[in-house]
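Alright, structures below, take your time with them.
Shared between the two complexes below is subunit A, which has subunit B as its partner in the first and subunit C in the second.
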Partner chain A sequence: MANEQKDGSPEVKKRKLSSGPLSKGDKWFFRATAVSANFAFVLVALIVVFLFANAWPTLSSQGFSFFTGSNWNPDAKHPVMQLGPMLWGSLLIGFTGVLLATPMAISAAYLIVYLLPKPAAKVATTVIDLLAALPSVVIGLWGIAVFTPVAVNWARISNQLLGWIPIFHVKDPNAAFTDSPFIAGWIVAVMIVPIITSVTREIFSQMDDGLINGALALGGSRFSVFRRVIMPTSSSGIIGGILLGLGRALGETVAILYVLQLSFKINFFSLLESRGGAVASWILARFGEASNSEFHGLMAAGLVIFLVTLAVNMLASFVVNRAQPWRKN
Partner chain B sequence: MSNLASRQPWALSSNTFKLQLALVSTIPSIIGVLFVILGNLDFSIGLVGVFLPIQVLTVAAFGWRKARRRGLSDALLIFFTIFFSTLVLVLLLSVLGSVIFEGFKAMSPHFLYENNRYVGTTTSLEYGGVGHAILGTLLIVLLTTVAAVPLGIAMAVYLTQSQSKMRGVVRTVTQSLAGLPSVVAGLFVLAIMQFTHIERSGFTGALALFPLMLPTVARVAEESLRLVPPDLRMAALALGAPNYKAFFQVVLPAAKSGIITALLLGLARVVGETAPLILTINMNNTTNLNPFNGPIASLPTYVYSFLGSNYSSSQQRAWGAALVLLIVVGILFGSARLLSRKKSLKTKPAKKAKK
Partner chain C sequence: MMNATSTASTLSAENVSVWFGERQVLQDVNLVFPANQVTALIGPSGCGKSTFLRTLNRMHELIPSAGLAGRVLLDGQDIYDPSMDAVDVRIKIGMVFQKPNPFPTMSIKENILSGLKLSGRKITDADELVETSLRRASIWNEVKDRLGDQALSLSGGQQQRLCIARSLAMNPEVLLMDEPCSALDPGSTRRIEETIQELSASMTIVIVTHNMQQAQRVSDQTAFFLADENTPGGVVEFGSTENVFNQPIDPRTNDYVNGHFG
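Let's turn to the complex of A and B:
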């Protein structure tokens, strides 16, 4: 079935003529692979259907305020479940993480591709990939035990020096600076640096050599080549990598649960306040003691975070695929 | 691939230049360290307030002396590249170092094979261990692998060997599935369990890991299949082999190490997943070798549950289990690396020797 949809290239046509008696096994072979490939769609559809079926009671009773309101009281007579602060908190942490991770990732990719000698570059690539393989529970453990004291120190200093900027402002003068979106953003940044780096590194390494040589021959310096040649040609791919990282950051669960105080008092921009939100972590935090009505609310939250990350990731892989034409065979 | 330095042979020539470079790269950090130690300055303030400005100034001056504005911007570019990359390295080493350092305190032979039958939150570390959690993780992940690897390879075959026009869409969907939040995978299986009334067991945990493993296997397998020269397959087809024989007898053997890499990376992806398991299995303190019935332990949930309590022996247990988890991931990741390196060295001589 699949091998009949041909795009008129001559060799393929020839094979079709001569492979008549052999085609039965082939038919089943391609049918089997096509079925398994379409399983990707089935899986997405199943996830949406099952989550939606369980989320519907909450979505229908809460209406649109499920996304905008900020009140979570599932066990009242008329249960109120509104996810606003958690949704906003996820976005805030995601963007903080991306802002912190992007310079590190681009630097690491530039270092690996253009500065290090080949053996060292290989080692550095392995090191970055290893960072991607670290389980999030391990990073969460490190985040709460090792990184939080350091980050609290950074937060205190930046609050003292830059407290007049709204982002670094804290209402309580004796604030503890722990469990803040700032720390969660750093933790997320540690997790998405390797994602952005590997996409950026691949795009840098596939860069047309002639373009760079030409720029150098015309008198370009290292910086001007970076600024005027490398960045413009690879920017769309880098944006794809950043979107991939954002998708990962929005769905991060366990590590954020350790380092963030989840609160339904919405925190708009005060990164250093000890309260914030994250949808995925909220699901895990509430799940153990959820009543039946709250169960549906958490399913609805799961559906929301799934659809958001799916949209972000689809956009990301679309952008990345377009920026990496050598990957299309 | 392209090293800019090698295209500017005049750039790194004289000894004076090398001496200046060494001075520029050491003096600011020495000043910074002196300030921190002698001035009793906080390390972070010393780094950002003393070291960074001095380093930027010296680097800028050095570049300016060499080639005016062009030198200045080049020097700053290199400096910030190295600075941010070092930051990444420091973060990674900090994670690895703290887990290894703290984990070793809990480590002992019996910690690796005993289970936690009579262990509470305050029991000292002389008793109990992660043996049951290691076995549980192995069982759950094995179940996931049995389902996800064949399916992932079949998807990769579809993406590389067929001519279908749907490939682009399938690839995009698969890639976006790779970013599926792990908690959603858990909720999904939970919804299925509500619907079918399956009890919580190791099997439901494996089911929750499945959508997380599948895209990783498919992606890595696709890349390894693409590395097989198309001539091999074309030659097989030209000799009259049907497509499935060409795949199983020619393409698959040639991509063997890549396929195993896909398996290992897929394992490394799911072996540390916590949230789906918390949602779909009941934790267990004793060994349970039947993944289809009853509560079962796993390494990530072990870390999670012991980190929840504030007693120091529990925290130690969490660190110890995290170290075991890290070692498992390291072994999987390291062997995947070794395999993919061997492949590039071995293929050509091996083929010649055979024929």
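Let's turn to the complex of A and C:
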């Protein structure tokens, strides 16, 4: 017999198993999904290529000082375009926003998951999610018309009480306290609270009840259980949510433009001074009247903010994926 | 065996009835758990014995719709009295759960000390407390060289004994155990049963179990819970384990302990 193995037993032949498309309709369905999925990748790649090609003239002529210097004079004989104050300002506002938003978001998530009765929790969730649906131009208008007059008072009080701390210090004794990174930080915080809340809510609701009951049975108070069991078990997931929020904050454009005085005098940490920076807002502010030379500078700025937010978002998904390995069993 | 100071107390339930919302799940439970005795609570699923156990250290009230009538006395003092703090009650009356629940972000040592931290108490001699607690839960020899390891690196049976040790670190007067062996293999079960016997020298123990042999092996007295359809559960028979298993008075007890239903 041809199909016999050495020991004489008949050879076992593997059968062909197909997980491919079963019908003609499936074939087209599979192709359509593949095209759509790849379209997104292709689009991102094209955007990067476009940005990089248009940014290159500026990046090559300005060199590293594009990131560190603080001067923007695109139409001089020798154009100078240095993004430093805007780049630093984006980070300052982003971190301020995250610092303000995180306690609010964690409190809201705790309230929704652990304290509110189910119907009220649903309402609260919907309201916070609605906040995420507000267009940023609306938040910007609210920021300038409603929030700034109020926040100016908070800023003045912070300055009076905490002025000895450098971040709350202002040089001018008659400072207006408007258009500051402090106010921009608050506006950004309002926009990222929903993101951090929904991630935290998800993490809290996956929490093992057994751990919470165990901690309460050991004589824990609600607060000590929150602090010593719930937070440590949830921290990496929450950090992921915070990074997602930071990504949004760094890319925020219109809303910040309304409430911040963009300035190329670099402001390292004075939250209450009426000058700051934000890369995306700067692009928006300048794009309409940009000369050819400045156009390339703004493209370079776009590339920078794109890469920064991409890096933050990748870090966020990495952290979220690594969160709570013990949950997976 | 460590010579822990005997701080055992007598716990008793007087006319305890329990509700979830409008639904009554237990009616008029009267039981006495004398100091240094092991009491087994047995009965089919859904008869309310685990719920009853949770009323004994005020864990029941954590469910928003929970209701209760009657009294639970710890050495004569009503633990539901408005002057009593639920946190103090839970410190005196410890609890071990069905599923081992060590804190995953903490090491073995930190798990032992977690109760003190959670309740905001001072830790005077951490190393000694850790050793004593682990010895009393008969797990010291297995973990003494790896106290800094994550608690989840232990096997299921070891995790459960760690949870027992964690409760013991609070030096409770009473220890409540809710089917502590149901998720464990026979070897781990046997070791925990031995631990229960040793612990009864220094505390009062109430254990819910589905395992008839276990009830007979570890307990001094047994309470048989039963709930007919759509009626609240209650105690059908309560007495020495010897009598409940060998000369039950109620025919339903006889049927249950001999495996005719449940």
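In the analysis below, the second predicted complex is superposed on the first by the 293 of 329 C-alpha atoms of A that agree within 3 Å, B and C clash if a C-alpha of one lies under 4 Å from a C-alpha of the other, contacts with A are read in each partner's own complex, and residues count from 1 in each chain.
Operating definition for what follows: a contact is a pair of C-beta atoms (placed from the backbone, for glycine too) under 8 Å apart; a residue touches a chain by one contact, two chains touch by 3 or more.
Please read these numbers as outputs of a predicted model, since none were measured by experiment.
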| item | value |
| --- | --- |
| Touched partner set for A:117, first subunit B, second subunit C, both or neither | both |
| Partner chain(s) touched by A:216 [first = subunit B, second = subunit C, both, neither] | both |
| Which of subunit B and subunit C A:47 touches, first, second, both or neither | first |
| Which of subunit B and subunit C A:290 touches, first, second, both or neither | neither |
| In the superposition, subunit B vs subunit C on subunit A residues touched | B |
| Contacts of A:91 with subunit B and subunit C, given as first, second, both or neither | neither |
| Contacts of A:233 with subunit B and subunit C, given as first, second, both or neither | second |
| Subunit B versus subunit C as contact partner of A:224, first or second or both or neither | both |
| Partner chain in contact with A:126 - subunit B first, subunit C second, else both or neither | first |
| Subunit B/subunit C common contact set on subunit A | 117, 213, 216, 221, 224-225 |
| Of all residues in subunit B, those that touch subunit A in their complex | 1-5, 7-8, 42, 44-45, 67, 70-71, 73-74, 76-78, 80-85, 87-89, 91-92, 94-95, 98-99, 102, 151, 154-155, 157-166, 168, 170-184, 187-188, 191-192, 194-195, 211, 214-215, 226, 234, 237, 240-245, 247, 265, 268-269, 271-275, 278-279, 300, 303-304, 307, 315, 318-319, 322, 325-326, 329-330, 332-333, 337 |
| Footprint of subunit A on subunit C - complex, ascending | 57, 59, 62, 64, 87-88, 90-91, 94-95, 97, 99, 101, 103-106, 114-115, 117-120, 152, 163, 166-167, 170 |
| Residues on subunit A engaged by subunit B in the complex (per definition of touch) | 2-3, 5-7, 11-12, 15, 19, 22-23, 25-26, 28-30, 32-34, 36-41, 43-44, 46-47, 50-51, 53-54, 103-108, 110-111, 113-115, 117-118, 124, 126-131, 133-142, 144-147, 150, 153-154, 157, 190, 193, 197, 205, 207, 209, 212-213, 216, 221-226, 244, 247-248, 250-254, 258, 280, 283-284, 287, 298-299, 302, 305-306, 309-310, 312-314, 316-318, 320-321, 328-329 |
| Touching residues on subunit A, where the partner in the complex is subunit C | 117, 208, 210-211, 213-221, 224-225, 228-229, 232-233, 324, 326 |
